[in-house]
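Look at the two complexes coming up: chain A is in both, with chain B in one and chain C in the other.
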Partner chain A sequence: MNIDQNLLQPDKCVTCPSHNSIELMRLGVDMQDWDYVVGLAGNPNTGKSTIFNSLTGLRQHTGNWPGKTVSRMEGGYEYESTRYKVVDLPGAYSLLSTSIDEEIARNFILFGRPDVTVVVVDATRLERNLNLALQILEITDRAVLCLNLMDEANKHGIVIDERCLARDLGIPVVPTVARNQEGLPYLIQTIGDVASGKIKCNPYRSNKKIGEMSVIVKQLTEKLESIYPDLPNHRWLALRLLDGDSDIISALSEGKLQSLANSVK
Partner chain B sequence: MSNDSLSQLLNKAKHFRRDLGNKVHEDIVESIYDDAARIAKRAVDIDNKSISMGLDRAIDRVVTSRLYGFPLMMLLLTLVFWLTISGANVPSSMLATLFLDIIYPGLKSLSESLNISWWLDGLLIDGVYLAVGWVISVMLPPMAIFFPLFTLLEDLGYLPRIAFNLDNMFRKTGAHGKQALSMAMGWGCNAAGVISTRIIDSPRERLIAIITNNFSLCNGRWPTQILVATVFIGGLVPAHFAGVVSAMSVVAIAVLGILLTFLVSWALSRSILRGESSVFNMELPPYRMPHVWQTVYTSIIDRTLPVLWRAILWAVPAGALIWLTSNINIDNISFAEHVILLLDPFGFVIGLNGVILLAYILAIPANEIIVPTILMLTVLSSGIERIGLGAGVMFELDSLDVTLKVFEAGGWTLLTAVNLMLFSLIHNPCSTTIHTIYKETGSVKWTLVSTFLPLLMGFVITFLVAQVWRIIVN
Partner chain C sequence: MEIGKSCRVIGINERCNGLERRRLLDLGILPGTLIKAEMQSPSGDPIAYRIRDTIIGLRKEQACLIEVIM
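What follows is the complex of A and B.
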């Protein structure tokens, strides 16, 4: 194991077992009230459910194959007297596609408005996993990139410059080996810092993407802003409308945009 | 918010969309891919000296090869069942001794000393208690071996390889390749298998996967298969082959289930669910060494015990019901016997008997209690009550010989056993699964199709087997 131990353990206190046993309280499904909602998103089979289980003390089924989680699961933990509700989402390759499991993930990230979205990526397949991460960064300002499966990346000779990645993406990057609980204290700490605003994210947004359509997108975005001032991601919605996303269109026309987030469980 | 401005907006978007066509989608996707590639390239450095991908690929070349892929799968499944069957015998009989030889007489004498009336004693001890004791001793040991083994295979990363091997065949039948995964989930539980079809994005292919999921033997039916195979098929060969042969016959039924899945998928996609099958990319995850003890622990807590608990919950009312129907007499024979006699002619035609059919009616909520119910009803109707403890009593069956004797006394032949194994594979889903199908499809029509199609097929297939069998035997 040649993961940079300083990155996995930024602070001796954070990783000290006695510190953690006092500070981290796994709350299982006991989620009466909470301070922050944390969404776990990512490609299939990147270890979201394993991280979910470590955080909450629950035993959501995990399995070494894509598509194991098809519905969303909620649990909670308490850290430094702040209560977090964690939502484990089905894996998705993209926010643009339409199978029901991916839709559950998408609707939650879009309309469930988690305080922090943790994007779990497979460190051995970073490029493909970033496709989803970038799409998520289009619609949220507060995210953490969890670079999981670092042990396998190391085994395959893949070296990732986390600081460069964090700078390019504009969000904190936390390397982990969730199966062996490595890096989780740092993840918990980072989630807390992003939730409380201690860490300010400046997520990467492509500006060239719309190119010649920019005027059209701007028009639609402004229109959406005036009709739905409460929604957080007008520009993204405008692009979805242009793309002809039938779910979004019917949700808009039926006035169900807000309830979509909680509809499919 | 005014509806006018909304429809104005939607119209505007539609208008733009028409002008731009597919270009928007392509542009969006392309720019995301570009950005991802650029960012990843800056951050990732691959040290080419390291070549440990090699082992995974070498294993995959064998495991997913055209030549060895399928036989290897059968071999692994046979191994799993052989371990299950041979490992479960001893603990099963120990549990039976505990529940039926030690605790049962104790309860009886306790109730006698408390002067509890005969019907309450019968209902609670001879009905409910014995049903529960039976279910635990028959189900706990095999399930405690089977689920951890299966979960280990799953955590290792073998399931996607099965899916990979079957993908091509599924596509040829007109179904979705991912159906291989929901089929494998069905081997655990059909209700879970039906939910797992959510990974299939085309509604047509998803319906095919839902309707055919029932052909995956579920954990409620494995014990039936294992027990009947052990008693009848294993009994045909010398003792030291019995375990392997029984395991192979269970695998044969499971493989028949896979073949039926193909057949029905093919038929559906050429009749009421016509259409092209969609293409998808399946990624094979790396093999990962499971945390063995953690896996064993969690699979027993998460799979074995819930399955057992569900069986116990249904065994309670079933035990009471069986005791009642066997002890309420109409014209000097019990109510249960009336029903059995009524069902017997039809049972004979399809190579089964009235007892089995009645047991399947009683076990619609949970397939797990089929075997205990059949044994109990057999004892009741075959006039060998003295082997057991009287009408409606589930009795001691710690040795397989006694089980065989009961079956034989009930007029069972090898045909009955084979057809029971077939019918257990091919009949209606349990009520939980039916309910799940309704929730997932939201359609009464497709729920009915999923329920009655396999039942009809079961009748037809057992009927044909019975006719052919009788021609050959006579």
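What follows is the complex of A and C.
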């Protein structure tokens, strides 16, 4: 009976992400060439690796302890004849800190320039997780917020207004339960739409209102642009220099900034 | 701070600057945040605190930089 109804309404079927997800081909580590690079970032213990495994079909590593993913993992999948390379990054609370795993995540998002950055957040700890999400939105235009662990949130009676969140952040928001594969077809679809430019992001930038600082930031940005024309995000680097980020300062003074950028490619 | 006790953050000491300060802020330690001491390691240092629904271990030197009211 259901099949007959579907045949009568073919349009609905074609646009449904669940139907299209049948086309998903998990490529595991078999990545020779790819069309888009997708970075998975998020706080520790939010399910990045679970999402990574369900997308790529790999079973590399899942475990519930801090610092499990200290280096980045790569895998791939194919969807609607487009090949995606997925990079699973170590969990980080911030892009501005000093630990090695957070540095790996930061360097990749900043210099690796993924086509889409998926920010995986714990729906039960949104307040804590949005710190990183906002920092990522400072340095990239193309991002998707993945509200993971929605089952836990529901269990605790947490209701999230996804549409409002998406509007305020200026990026698409996808609720998922990665453990049960819920919401993943929609996530895959959204990643595809952002990568191809079908969805345009207009990310919220908190430092739009830095006021009197903006002159100094602008001068510094222009200077960086003239010295390192190839680097992305001069403005972000300028802000870090003003912040006194010793990593960036030493990389700049020793002339290693360019090699840092090349190392993640 | 005794295990099981809670306090509220007033601010981070001026001695704590740059990345160290940033780190504490990133962990969610902002004015008004509630902090509860949950567990103690055998030697008494570090102590695990509950900060914004996540358990975070802080060493005494770091914890000393956070100004709180009980």
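In this text, the second predicted complex is superposed on the first by the 227 of 265 C-alpha atoms of A that agree within 3 Å, B and C clash if a C-alpha of one lies under 4 Å from a C-alpha of the other, contacts with A are read in each partner's own complex, and residues count from 1 in each chain.
Going forward, contacts are C-beta pairs under 8 Å (C-beta built on N, C-alpha and C of every residue); 3 or more make two chains touch, one makes a residue touch a chain.
On a predicted model such as this, the values are computed, not experimentally measured, just so you know.
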First (chain B), second (chain C), both or neither touched by A:Asp168: first
Touching partner for A:Asn131 - first (chain B), second (chain C), both, neither: both
If touched residues of chain A are counted for chain B and for chain C, the larger one: B
Which of chain B and chain C A:Glu152 touches, first, second, both or neither: first
First (chain B), second (chain C), both or neither touched by A:Leu96: both
Chain B versus chain C as contact partner of A:Glu222, first or second or both or neither: neither
Partner chain(s) touched by A:Leu241 [first = chain B, second = chain C, both, neither]: first
Partner chain in contact with A:Ile249 - chain B first, chain C second, else both or neither: first
Contacts on chain A seen with chain B and repeated with chain C across the two complexes: 96-98, 124, 127-128, 131, 243-244
Complex interface listing, chain C residues touching chain A: 17-19, 22-23, 26-28, 52-54
Residues of chain A defined as touching chain C within the complex: 93-94, 96-98, 124-125, 127-128, 131, 243-246
Chain A-touching residues of chain B, taken from the complex the two chains share: 1, 5-10, 12-13, 16-17, 20, 24-25, 27-29, 31-33, 35-37, 39-53, 151, 154-157, 159-160, 163, 178, 181, 195-196, 198-201, 282-283, 285-286, 288, 290-291, 298, 301-302
Contact footprint of chain B on chain A as seen in their complex: 44-45, 59, 61-67, 70-71, 90, 96-102, 104, 124, 126-128, 130-131, 133-135, 152, 155-162, 164-165, 168-169, 179, 204, 206, 208-211, 213, 216, 219-220, 223-224, 226-228, 238-239, 241-244, 249, 252-253, 255
